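The two complexes that follow have subunit A in common; it is paired with subunit B in the first and with subunit C in the second.
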Partner chain A sequence: MQRQYTVYLQSFISRPCVRMFSSLKLRVGEVLLPGDEFSFDTADRLSLTEAVKAEKVVCGPGLRRSGDRLLVCKSGVLRHKEPNTFWMDSQQRRYVPAKGESIIGIVTVKSGDVFKVDFGGSEQASLSYLAFEGATKRNRPNVQVGDLVFAQFVLANKDMEPELVCVDSSGRANGMGVFGGGGLLFSVSLGLVRRLLAPHSEILTDLQQLFPCELVVGMNGRLWVKSSTVQQTLVISNLLQSCDTMTAQQRQQLFRRVAQGAL
Partner chain B sequence: MGGWGMGRGGRPTENTCRMKDTPLSNCERDFLLKAIEEKKRLDGRQTYDYRKMKITFGTDYGCCFVDLGKTRVMAQVSCELVAPKESRPNEGIMFFNIELSPMASPAFEQGRQSELSVKLNRQLERCLRNSKCIDTESLCVVSGETVWQIRVDIHMLNHDGNLMDAASIAAITALCHFRRPDVGIQGDEVTVYSPEERDPIPLSIYHMPISVSFSFFQQGTYLLVDPCEREERVMDGLLMIAMNKHREICSIQSSGGIMLLKEQVMRCSKIASVKVSEITELISKALENDKKARKAGERCGFAESMPQERITALKMDETPVEMTDVTDRANDIVQNTEAPPQTVPSPVVPVPGVGQIGQGLQNAWGLEEDDEEEEDVSSHEEEEEQVTKMEEEQHEKESREGYFIYFNWVHF
Partner chain C sequence: DTSVLAGVYGPAEVKVSKEIYDRATLEVLVQPKVGLPGVRERSQEQCVRETCEASLLLTLHPRSSLTLILQVLHDDGSLLSCSLNAACMALMDAGLPMSCLFCGVTCAIDTDGQIITDPTAAQEKESRALMTFAIDSKERRVMMSSTKGSFSVHEMQQCIAVSQKASEKIFQFYRDSVRRRYSKTL
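Then we have the complex of A and B:
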């Protein structure tokens, strides 16, 4: 899961951090609400005989440091990853851009040197026409208004207009760029997208057993599916939209029913 | 939420970025039209099917919620005593108002009279006022001096297509549900009795006009009933027929400028009569249930009609998915496609510490004679030209994880 969180990660280093760590560890898997806090009491006595190690606690999205306390600022479930990363796993559909994340965007305006791309955020991002593989001033990429692009953020501040590129740092497309003939675009919650992109994703293994399809996953909650027939594409899109809120067992049951063609 | 600049007077200035609705991509449009040609809809409905409709009532008389799939509309009826119009001293006054709340869709702006809002208001007025479904003469209290003014306010709470139908159903149901206070006239005095003193009286409604929307695609070749929001965006034109269960047409409106044949309109009206009778059934049942619940003293009202939508609850409405013909066999597909490239059955370990599965992409660095083919995303069919360097492959495999997944062909 750590791969997907390229959002800010604050390090919280403090000497008697052992307490913080253990109090966080205790509540992993619980539902927490904004306002819940973790603080360590300085009144607690430190054992002089035990070796006190300085433990680093890395806070992911949803946790924020305020002075000597750790505050929860998003409601959700507290998750933990070895060795010392904690974050809040929350359910939301509104995407906030973050640097390095790849998203599916829709080109809305083509003006001069720059395309404006809508990705579902508060502003539209800008995508320069030179940010495509093999694009030069004379050789412009073939992008029309209304096309789908798979791009990643190079600049995603809350104060500035976000910027996208369709090449990676070495100048190669690497799968990014314009795509999309013949498939269906739909949107799901961000939690489902993260679960799909996690390594060894269960949902993907289940989906693989159904029918062959192409799937493009954008971290802004948009998915693009293409299968051999329109019917199968519709089936897959409906399945993905509905398995958002299902437990693993319900989902496997549903997929099994579809595989038998009985639904 | 983008820069909201406020000029003087509190109105947003011109160059603030307003929340616009998500644009429709070309790929979605093409897919939707293709699916409609094959008679498939996004949620698996048939051509003439309505979405699931749910009617609930609030605590007050005259408050009604209608859910048509995900489209949600609320209607509230209220009344007050006013002086009548000069031209009609014996009749009460009906006033309709549809509000497109920004809650419904990012495309709606607060306070602005958009085209859609004007259109919906006009259609609702024609459907309800001109059809004379309510007996306005019974609303008269003192002829020429005091009459009841009945006001119907309709708020759009969520826009997922077909606002007109939902609004008309909500309006007529709220009117049927509404009870006005009883009045007593003694000479010149008019006393309005409160609900505790005397039971409020329902309005006298002759018939229930309900509108049914038909959307047309490909210049009138294909027709769909009850379009959802995405279907509305790609449609060519809309035909709205308002009818009651006695098969009387109250209003017909065609927008979008498409040419319709006489047979098409006749067919639509036949379909509409079937739908209207079903919907009227549903409304009567809902009104019955509500009456029973109120009589039994059960809790009824806004708080009770809200479903439990907690983040920790794993309950969601069933998504209807059409599954017929899904097993268009994988076997057929396997046989009809060309033979896949030689697949490596299991990971090969060329060098300790490096695993290789498949061949990876063609190396485009420093090789002028090979043209850079656009990477076809259905690349399990693609022929790899040459083996690339190990590290590149590793990197590609890892980075590919993020956006598309290979589906290895499984030979049956």
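Then we have the complex of A and C:
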């Protein structure tokens, strides 16, 4: 009896994360509110016959660690990605900058060596004139105040001013830079943007069957659309703004009606 | 029938004079149905702001401002607890990081000593004491209390117990509303 007890204690101390992983896995797809907690239940007995392995749990946005508990801090649906990443999928409209995300910004100030870009966050980001492809001190890029830029965050944390670049780590533009002229810029919720950018996005496949168009998606909730005529551009922008709050069936019905020319 | 419309804006730019270097600045504005905001609205703003600051994770957005605007649409009693509930739902829906939810419950003690929860304006006028408590969702503790009138310590403790039980229903309502909101994308 005594030996059995000490064996139980050893497995209890060295493998604490298994219970949390399974309790998180159980609630994937559920709607959770701030204040819900996942903690390691010390009263439960661990099975001695199962092979116990250490599991790491990676927390994404909406989940915070406080001590030995995981706290939910945003309301939303709990999502899971293999092997061990969990995050809260929440709907919001206000963008908070994060490193590596590509956004559409508007140039507001051109002062000396640095452009100030408004991307819809709590402060304006800075974009150096050297951060464009093929830009040198003598060869400045042609950027005016009011231009749209598609750029990526290279520095974005809560304490410092965010910084953008229009070139990737190897020095190539890769689709980033100044664009615009003839299209329409509008804003949608962040959830719709993430659904558009997901691999095998249904909304994009439905949209491709409608009209040929050029679409730029910024993760700050801004979309830019350009089509062959002004009317088609307006139709696409209205469709995208309205399919934010529709189920998949309603959206397919709407797209079918538009394709038949009813709208 | 008391209804309050709540709107949250943020995290947005803040004036240099009002910015706090390590936390977000929370501003609450209560607009009455008729007239300009007065002293009563200021004290309500103070109560709501203290509660929100205790439950929001403000350190995640330093040097930003969060603005919460509460517009009174109809006042028929229990206005402060209605404002607290509207504020909590607005903050939760906007996606601001919170450590716990809160709800407001009003109790009135009438001349017979009976405890009435969520009194109407007529019941409030006849009561001898009126208490509003903000209860948090994790441990059902009192976060904020605002009282008016005369009552004993024992009566106050009874009211706190009644409010804690009533807060269960409000938190269940929050959960059902959020579930309905996300039902389309699930």
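Methods note: the second predicted complex is superposed on the first by the 248 of 263 C-alpha atoms of A that agree within 3 Å, B and C clash if a C-alpha of one lies under 4 Å from a C-alpha of the other, contacts with A are read in each partner's own complex, and residues count from 1 in each chain.
Keep in mind that, in the parts below, a residue touches a chain if its C-beta (ideal position, glycine included) is under 8 Å from a C-beta of that chain, and two chains touch if they have at least 3 such contacts.
From a predicted model like this one, the values you see are computed outputs, not experimental measurements.
Q: Check whether A:245 is in contact with subunit B, with subunit C, with both or with neither, and answer first, second, both or neither.
A: Both: A:245 reaches subunit B and subunit C.
Q: Name the contact category of A:229: first (subunit B only), second (subunit C only), both, or neither.
A: Once the two structures are laid over each other on A, A:229 reaches subunit B alone.
Q: Tell me which partner A:136 touches in the superposition: subunit B (first), subunit C (second), both or neither.
A: neither
Q: With the two structures laid over each other on chain A, which partner does A:159 touch: subunit B (first), subunit C (second), both, or neither?
A: In the superposition, A:159 contacts subunit C only.
Q: Which of the two partners, first being subunit B and second being subunit C, lies in contact with A:214: first, second, both, or neither?
A: first
Q: Once the shared chain is lined up, is A:191 touching subunit B (first), subunit C (second), both, or neither of them?
A: In the superposition, A:191 touches subunit C alone.
Q: Once chain A of both complexes is superposed, is A:122 in touch with subunit B (first), subunit C (second), both, or neither?
A: Both: A:122 reaches subunit B and subunit C.
Q: Is A:34 contacted by the first partner subunit B, the second partner subunit C, both or neither?
A: Second partner only.
Q: Can you tell me whether subunit B or subunit C touches more residues on subunit A?
A: So, of the two partners, B touches more residues of subunit A.
Q: Regarding the shared-chain residue A:75, is it in contact with subunit B (first), subunit C (second), both, or neither?
A: both
Q: Between subunit B and subunit C, which residues of subunit A are contacted by each of them?
A: 31, 75-76, 91, 122-123, 245-247.
Q: Taking the touch rule as given, give the residues of subunit B at its contact with subunit A in the complex, in rising order.
A: Against subunit A, the touching part of subunit B is residues 1-2, 17, 19-20, 22-31, 34-35, 38, 40, 42-44, 311-312, 314-316, 318-319, 321-323, 325-328, 330, 333, 364, 372, 375, 377-378, 396, 399-405, 407, 409.
Q: Using the touch rule from the top, collect the residues of subunit A that touch subunit C in their complex.
A: 29, 31, 33-35, 37, 62, 64, 71, 73-77, 90-94, 96, 121-123, 158-159, 191, 195, 245-247
Q: What residues of subunit C sit close enough to touch subunit A in their complex?
A: 10-14, 57, 60-65, 92-101, 136-138, 174-175, 178-179, 181-182, 184-186
Q: What does subunit A use to touch subunit B in their complex?
A: 3, 31, 75-76, 91, 102, 106, 108, 118, 120, 122-124, 134, 144, 146-148, 150, 168, 172-176, 179-185, 197, 199, 204, 208, 211-218, 224, 228-235, 237-239, 241-242, 244-247, 250, 258, 261-263
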